[in-house]
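Single-structure report; data block below.
Chain lettering (A, B, C, D, E and F) follows the sequence in which the chains are written, and residue indices restart at 1 in each chain.
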Amino acid sequence: MQKIAGFGEIMQRLMTQKYQTIEQTQGFDVMYTGTALNVLASLAYFGYDTRMISKLPENALGFAARSAAQSFGVDMSRVIIGGDYLGLYFLEQGFGVRPSKVIYNREHSAFVTSHLDEYDWDAIYQDVTHVHFCGISFAVAENVRNIAVAAIKQAKERDIVVSLDFNYRPGLWSKEEAIDVYLGVLPLVDICFANQRDFSELLPFSVIDETESYEQMIEKTMQDVFSRYPNIQLIAGTKRLVLEPTFHQLQGFIATPATVVFSKAYQFDVLERIGGGDAFVAGVLHGYLGEEPLSYTVEFGVASSVYKHTILGDSNRARISDIEKLMKSSKNDMIER
Amino acid sequence: MQKIAGFGEIMQRLMTQKYQTIEQTQGFDVMYTGTALNVLASLAYFGYDTRMISKLPENALGFAARSAAQSFGVDMSRVIIGGDYLGLYFLEQGFGVRPSKVIYNREHSAFVTSHLDEYDWDAIYQDVTHVHFCGISFAVAENVRNIAVAAIKQAKERDIVVSLDFNYRPGLWSKEEAIDVYLGVLPLVDICFANQRDFSELLPFSVIDETESYEQMIEKTMQDVFSRYPNIQLIAGTKRLVLEPTFHQLQGFIATPATVVFSKAYQFDVLERIGGGDAFVAGVLHGYLGEEPLSYTVEFGVASSVYKHTILGDSNRARISDIEKLMKSSKNDMIER
Amino acid sequence: MQKIAGFGEIMQRLMTQKYQTIEQTQGFDVMYTGTALNVLASLAYFGYDTRMISKLPENALGFAARSAAQSFGVDMSRVIIGGDYLGLYFLEQGFGVRPSKVIYNREHSAFVTSHLDEYDWDAIYQDVTHVHFCGISFAVAENVRNIAVAAIKQAKERDIVVSLDFNYRPGLWSKEEAIDVYLGVLPLVDICFANQRDFSELLPFSVIDETESYEQMIEKTMQDVFSRYPNIQLIAGTKRLVLEPTFHQLQGFIATPATVVFSKAYQFDVLERIGGGDAFVAGVLHGYLGEEPLSYTVEFGVASSVYKHTILGDSNRARISDIEKLMKSSKNDMIER
Amino acid sequence: MQKIAGFGEIMQRLMTQKYQTIEQTQGFDVMYTGTALNVLASLAYFGYDTRMISKLPENALGFAARSAAQSFGVDMSRVIIGGDYLGLYFLEQGFGVRPSKVIYNREHSAFVTSHLDEYDWDAIYQDVTHVHFCGISFAVAENVRNIAVAAIKQAKERDIVVSLDFNYRPGLWSKEEAIDVYLGVLPLVDICFANQRDFSELLPFSVIDETESYEQMIEKTMQDVFSRYPNIQLIAGTKRLVLEPTFHQLQGFIATPATVVFSKAYQFDVLERIGGGDAFVAGVLHGYLGEEPLSYTVEFGVASSVYKHTILGDSNRARISDIEKLMKSSKNDMIER
Amino acid sequence: MQKIAGFGEIMQRLMTQKYQTIEQTQGFDVMYTGTALNVLASLAYFGYDTRMISKLPENALGFAARSAAQSFGVDMSRVIIGGDYLGLYFLEQGFGVRPSKVIYNREHSAFVTSHLDEYDWDAIYQDVTHVHFCGISFAVAENVRNIAVAAIKQAKERDIVVSLDFNYRPGLWSKEEAIDVYLGVLPLVDICFANQRDFSELLPFSVIDETESYEQMIEKTMQDVFSRYPNIQLIAGTKRLVLEPTFHQLQGFIATPATVVFSKAYQFDVLERIGGGDAFVAGVLHGYLGEEPLSYTVEFGVASSVYKHTILGDSNRARISDIEKLMKSSKNDMIER
Amino acid sequence: MQKIAGFGEIMQRLMTQKYQTIEQTQGFDVMYTGTALNVLASLAYFGYDTRMISKLPENALGFAARSAAQSFGVDMSRVIIGGDYLGLYFLEQGFGVRPSKVIYNREHSAFVTSHLDEYDWDAIYQDVTHVHFCGISFAVAENVRNIAVAAIKQAKERDIVVSLDFNYRPGLWSKEEAIDVYLGVLPLVDICFANQRDFSELLPFSVIDETESYEQMIEKTMQDVFSRYPNIQLIAGTKRLVLEPTFHQLQGFIATPATVVFSKAYQFDVLERIGGGDAFVAGVLHGYLGEEPLSYTVEFGVASSVYKHTILGDSNRARISDIEKLMKSSKNDMIER
């Protein structure tokens, strides 16, 4: 029986309504989200056992976050309860050429200020077979980075498969810091999620040859990574084209030391951009955990991400059948009765 | 003075808001709808006298349905009041590649379990000059089918013009059943609404020649139908292309034994897909009842349907002037002041 | 480690807003509720492990119900998934002299039509130490009654403590039926929740002497029940006075073969009446499971119920500290900062 | 077959939400109301045929008003369509000691500026057996007053029973004007609705003797009115005590030349004050039209008014059974299942 | 220190929600808007001192309008308080081929019925360096036109720069009237906003040569205007193409006696059409007041207008940095974190 | 011309809706509030010139707070813009015996972390005649306390009248700290707002003699304070009785060295408790600034506070006429038309 854990912050998301700006709105819709939670929630919808590794304050906000995660079926029994604040962010829903705006208030959150010795790894990793990390955990604060590194090492000691999503956010740390940290972590990782841009910006050995096609670049980079980090079994990522602000194209790739497979490219309307990457991670992990062929795995991963772009909120709400239906169809006029 | 009756179920529609899934939503918008009601409501907006033939439970849900129909101006005085349940369906509003989902709960409704001998045809058909039926009534349950057949026969005995919309729903019954029933009913029908797909799937004598154009196919099929069923005066239908999930193309045709006329093809954004067919029916009936030329009739029917795609809810909210304005314009930036 | 199971239906509750009638409303707020779920949800808020025994349809409505129960922390892993419909009810929120109105649609639900052989008692009762039943399960349909009786017997075979809330609903079955069933079940029950009215109406041996005080009546009835059913350890119930439609008085009692203890009487404003009895059950079970003194147990039970009357929805949202704070305070102007 | 007509304006009511002030709100709830419509809507809920006499503008606002009236089942086919504006008023929902505030914009409405020669009395009064007027129609503008007087005279010529509700609004006209008009109209009226205050302020022959009880005053005043106006068959009214801003007492009386009957006095919570008088009128008319005993009639009238105070909006939403249930009950904790 | 005044009406805007028609909606969103207010609000967001010249009724509606304007930072201290009604309009939000509909009720508003001698020009123009007018003020009523003309003359006496936006609305007045008025006003204006269509329809000396390009036509017309009205320093306008109902193209021009500069053409999704012209005015005034180069000025003006099309409500909510970011970007997938 | 300044934090208030708990809600209503802002907003509604002294972050949240304050008419031009966070608090709306709950997140706000040298007292106090402070400013953080003390001293140097509301919050600091600070500040204060409880807990020289009446205690305490602090001109406060959770009694007093005057006691329904004290302050300041008699001043102050309890949000929305109307009335059934 597989059990997938995820490490990261759960934040409160306060979103304006009806495309109003923050200055216009008389109210915010509220959700509780986070990249690790997004991946776990999506896997729970696929039917997997999942467990959150995090810390929440012992107040109504922390309980609300826990309750939201439980509603997806994620096991919250190992989440540390304590500290003062729940991290939060305000999301001003953009429209067309007006970008969405995010204002964070997470610096002093219970999770971001948590201490390594609060984490009981034996209890946390009980029955766990897989654990997922996101690059934001390495960027947001030094002590969180230390906890994340410890969590990876503790996982490896228990033969737990480790996946990592680069998810490089230039606003949170410098490229130099990021390179330094990622180079230290990569030797411990089994599965790696990253875009070509992540690799080319963060891996100093990458050299982009502008005359090559996208496919050639990916293939060469992958060979390079696999040869340097023989511990890595699988790398996957996506390439996004923004055709219109809310009409995108998405294509995915998956690579093993033996081969690289590309998915078909979807063009689709976007209801919400946030969480698209996490849905890709969850989709690829589903293929990996089910030992599906690479082609199925990458197609499922991309379709999972495309589907997510039609769902309000950070977390996908797709079951396996929803995604497989999307993989088979193209245009859609059917009302499913 | 013309009075148009319609036979069918009125259901409660419970719809998610803001593109949320059923699992996300904390509330449902409610409406009361049905194919016959949609046609009558639209005709009432055009200024016609209309009357509903149906059954509603004697509780607040039934009264709410009656009240909603009355708000359009539809005469509800002949609707039977009794039985236990109002049929209902949940509508999860899709977005882009994510299809809308419908969950029905109608099997045990007061209408679906109503008995033939509850219907007082003399009272129902008093002053009625025209009555409309929809294929769903023949598919949803055997006793409803029997009532519908009886209602057609009672209409013919009173020289009331009968129109029928095939509206074939594969989920409700098998093709064999449908063919069997429709072949029995067609000899009693004056006006018939059907798409080419309905004819080719349901009329066993249809043979599609793939080398022919759409226009040729329609013309040949119409000749065939008119020659077999001399009682039929008029056939009309539409052809839809789904260019993007919410950007469609629609074209209509109207046929008499003498000729076939095609409308222009509209391309348009879709707010809501449900009820588009009923709006076409209402539009064509308006042309027929007003003895308008075929070209006006089919153009009005298609424009009525296109307009409906911009209206929230199953029932159109267009007056004649709204539709005629659309028939004259193309792109629209005018705010009507 | 204690684990409390509960048997019963989870229904969709569709409630009008802003005190509108069903005929006025353009939308319904939705929740997923049920008496057993209410008890378990409340216990989960107190920190107990809980597990639901039920059946839900395999569609978005069933998943939404499961998700709502999980959000409280209730273990839904043993709930059967299958069947067609989720039971539902419409709740028209009353105001003052205008009573709330409920319209049910549950007769054909997946739970109500479930079969005894679908229930895997070994899996369901794994690790369970306590199981709770509600009288509605015995009233709603014969096969549900059979499943409930089997569930009680299966529990007794496993030395699981059984509690039963009479919760007599005259609308669902006749007094004769109820008496017949309850007399058959009482010999298997350890803890019993019932009001004086339940006892006097349902237990044929009860004789009310109008000259006696409420306290005397309760004491005499309890002696009678304990002497006839030596298996019963504990009986608890409440007495409600409706001072104004939304201003009530509530007092509780708890009885063992040795003694009867009465709580103080609260007078309080009522936001929502539904679920008050289930909150009392959960409160008393908390005292019982924690081996608290009877006086604490009955005071906690009543305060739990009183607190529930201030919460929107069927399920209480009180933690132990909230209730203990209420037990200590009387009037309240403090804003808890 | 009885058919009751009503003459008056239908206005748009724009109400703040959640007890916000007009300066706070970002939105208004909208309804379409008027005293005559309130009476007719209530009678339609009781099962009577009703018809509106009014004028509405030919735009979406006028159509919305018509649609709202039709949803109650009121016949709107004789309402004149034309003119520019729909009368409207803003209602700021008060709370406790903060009074509700109303801002009118009706002076230039299609109804208020309508002309006598637009009204086709033969069509309007076809099949009508009873017509109701409200004092506001005599106060709002001179031409409306002239139309109302003509409408009464046209009714009398057709042997239609005429009822009039004084409903004296000091803000709209002076006492002198009101006395003058009412003295002219009273000789044409069959049924009269008025409070003691209306009589004592508006009928110059009334002399209040402060040493008399309320009952004595009513009896003496009634004798006086009946002796001066032998055409009057029935007079009814209510007396309200405001115990708290939203907790009122209401008692009614009904008088014939032979006797005066008083109802019991209700004390009740108030959700909305507007339309309470119209609900009393409708309730008394129901008793009158059904030839019920005076005691039933006045009790039904008061209970109808009390029930209305629990309904959002101007128009009552009670059926006969709702009111008769209230007449039998006192305090209420029952949820009607 | 510059202070910009604006003359015009502030109206209440009552808008349907969720694309409902006026007949469907149970509520309206409310805002307080007007072309002059839109220009001032936008300038206030840019950091300028602004002052409104208008009249509002002394009731909650007038105060709400004042409060809304103050929330933008506009100085409302010189607005006259008095009169009866606040002008209002209902906005039915269109969708796709269904146009938005506007129903006005402004004819009797406090502003429209205000008198010239209520305006204290010394107080109004204290510290003012610039004043803006809109063509609607000249069209809506004769006395408003007289006040506007007086206001322009009073401004010129104080050496205040005067700008005028033609904003020709055929529904409000005839072309002949408009020509007559505009020819009288143009000799007093420093800055003029008008489209090619405005000029060609309103300036009798304009001759359109169909063989010329748009650029040539603009250049020729501008030369003509500058030569006839040497007082005019600056003319600016836009050209809109409606590619789809909610997908537009916009390009701007700015002209001095010396040169004409065209902006790039934006294509963009439209959330709301109203106020786009006012945002262009505000953008160009920002460039003018800051003595920016013409190219920056016209680009800023068009980007300001484009940004406005993504904002709900009449008034732009863009700061200078938002617009300059848009001027630099093209497609947008960034979430601003 | 008087201008009243106020010093304090503006916070974002995020409130649950429909009496939901924080764990239930899917959205929060948002307002921007603070004790000083409440006092100024109320005075602005009375027609006074007001100015805020505070600091707000330079992001959409800070701008939204500024906009909200401006909507009341408060001058925000001297508020410092900078820093990272806007202080915020979550308000869970209680019901009946369930108390409201507040969760703060203000510790790291731009205001709380502001520095003394950011405040330009010459600009801030330009034209100011009166400045108000609240005890919370002295409690929330040491540097804010220092700024507040400096602000008082700067005011005294400019002969600005200083008022201080004790508003002692035990949760924010210890009694010892509070006593220490208040004893240091009292010699600089002209007007003092405090309850008997504040005095008896915070002023070490107060001795309560339990045998004395409330009036005697107040009078004795006032004499004591005036004799120790001859700088104090005026002291005012209220006494609240919580009869039911949402039904309170309030009485006020006002004292000068010469006399003490008590207001009548109001009993009233409570919509919102927050801001009641600030409304009393504003009411008393209105009497003081207008040099009204003490009896008017204290009655106006209490009526202002009572009125505030009927308004949603922290800030009162009463104009002078609203309060004077309340002072004259008792029970209220009038709808103001």
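Just so it is clear, a residue touches a chain if its C-beta (ideal position, glycine included) is under 8 Å from a C-beta of that chain, and two chains touch if they have at least 3 such contacts.
This is a predicted model, so every value here is computed, not measured.
Participant: Need the graph distance between chain A and chain E over the touch network, please.
Facilitator: Tracing touching chains, the least step count from chain A to chain E comes to 1.
Participant: According to the touch definition, list the chains common to the neighbour sets of chain A and chain C.
Facilitator: Common neighbours, chain A/chain C: B, F.
Participant: Just send me the rotation angle from a CA overlay of chain E on chain F, rounded to the nearest 5 degrees.
Facilitator: Angle of the fitting rotation, chain E to chain F: 180 degrees.
Participant: For the homomeric pair chain A and chain F, should the interface be classed as same or different, according to whether the shared residue numbers exceed half of all numbers used?
Facilitator: Comparing the two copies, chain A and chain F contact each other through largely the same residue numbers, since over half are shared.
Participant: Can you give the whole-Å distance between the Cα centres of chain B and chain E?
Facilitator: Going by mean C-alpha positions, chain B sits 46 Å from chain E.
Participant: Express in whole angstrom the distance between the two chain centres, defined as the mean CA positions of chain A and chain D.
Facilitator: Chain A and chain D have C-alpha centres separated by 63 Å.
Participant: Averaged over CA atoms, how far is the centre of chain D from the centre of chain E? Could you give it in whole Å?
Facilitator: About 47 Å separates the centre of chain D from that of chain E.
Participant: For chain A, write out the residues touching at least two other chains, lowest number first.
Facilitator: Counting only residues that touch two or more other chains, chain A contributes 17, 21, 23, 26, 67, 101.
Participant: Mind giving me all the chain pairs that touch?
Facilitator: All chain pairs meeting the touch criterion are A-B, A-C, A-E, A-F, B-C, B-D, B-E, C-D, C-F, D-E, D-F, E-F.
Participant: Taking the complex as given, what residues does chain B use to touch chain E?
Facilitator: 17, 266, 268-271, 306-307, 309-313, 317, 322, 326, 329, 331-337
Participant: Could you please specify the touching residues of chain D with respect to chain E in the complex?
Facilitator: Within the complex, chain D touches chain E at residues 14, 17, 21-23, 25-30, 59-61, 63-64, 67, 85, 88, 90, 92, 101, 103, 105, 107-108.
Participant: Taking the touch rule as given, give the residues of chain E at its contact with chain F in the complex, in rising order.
Facilitator: 67-68, 70-73, 76
Participant: Sort out for me which residues of chain A touch chain E in the complex.
Facilitator: Contact set of chain A toward chain E: 18-21, 23-24, 94-102, 104, 169, 171, 240, 242-246, 248, 273-274.
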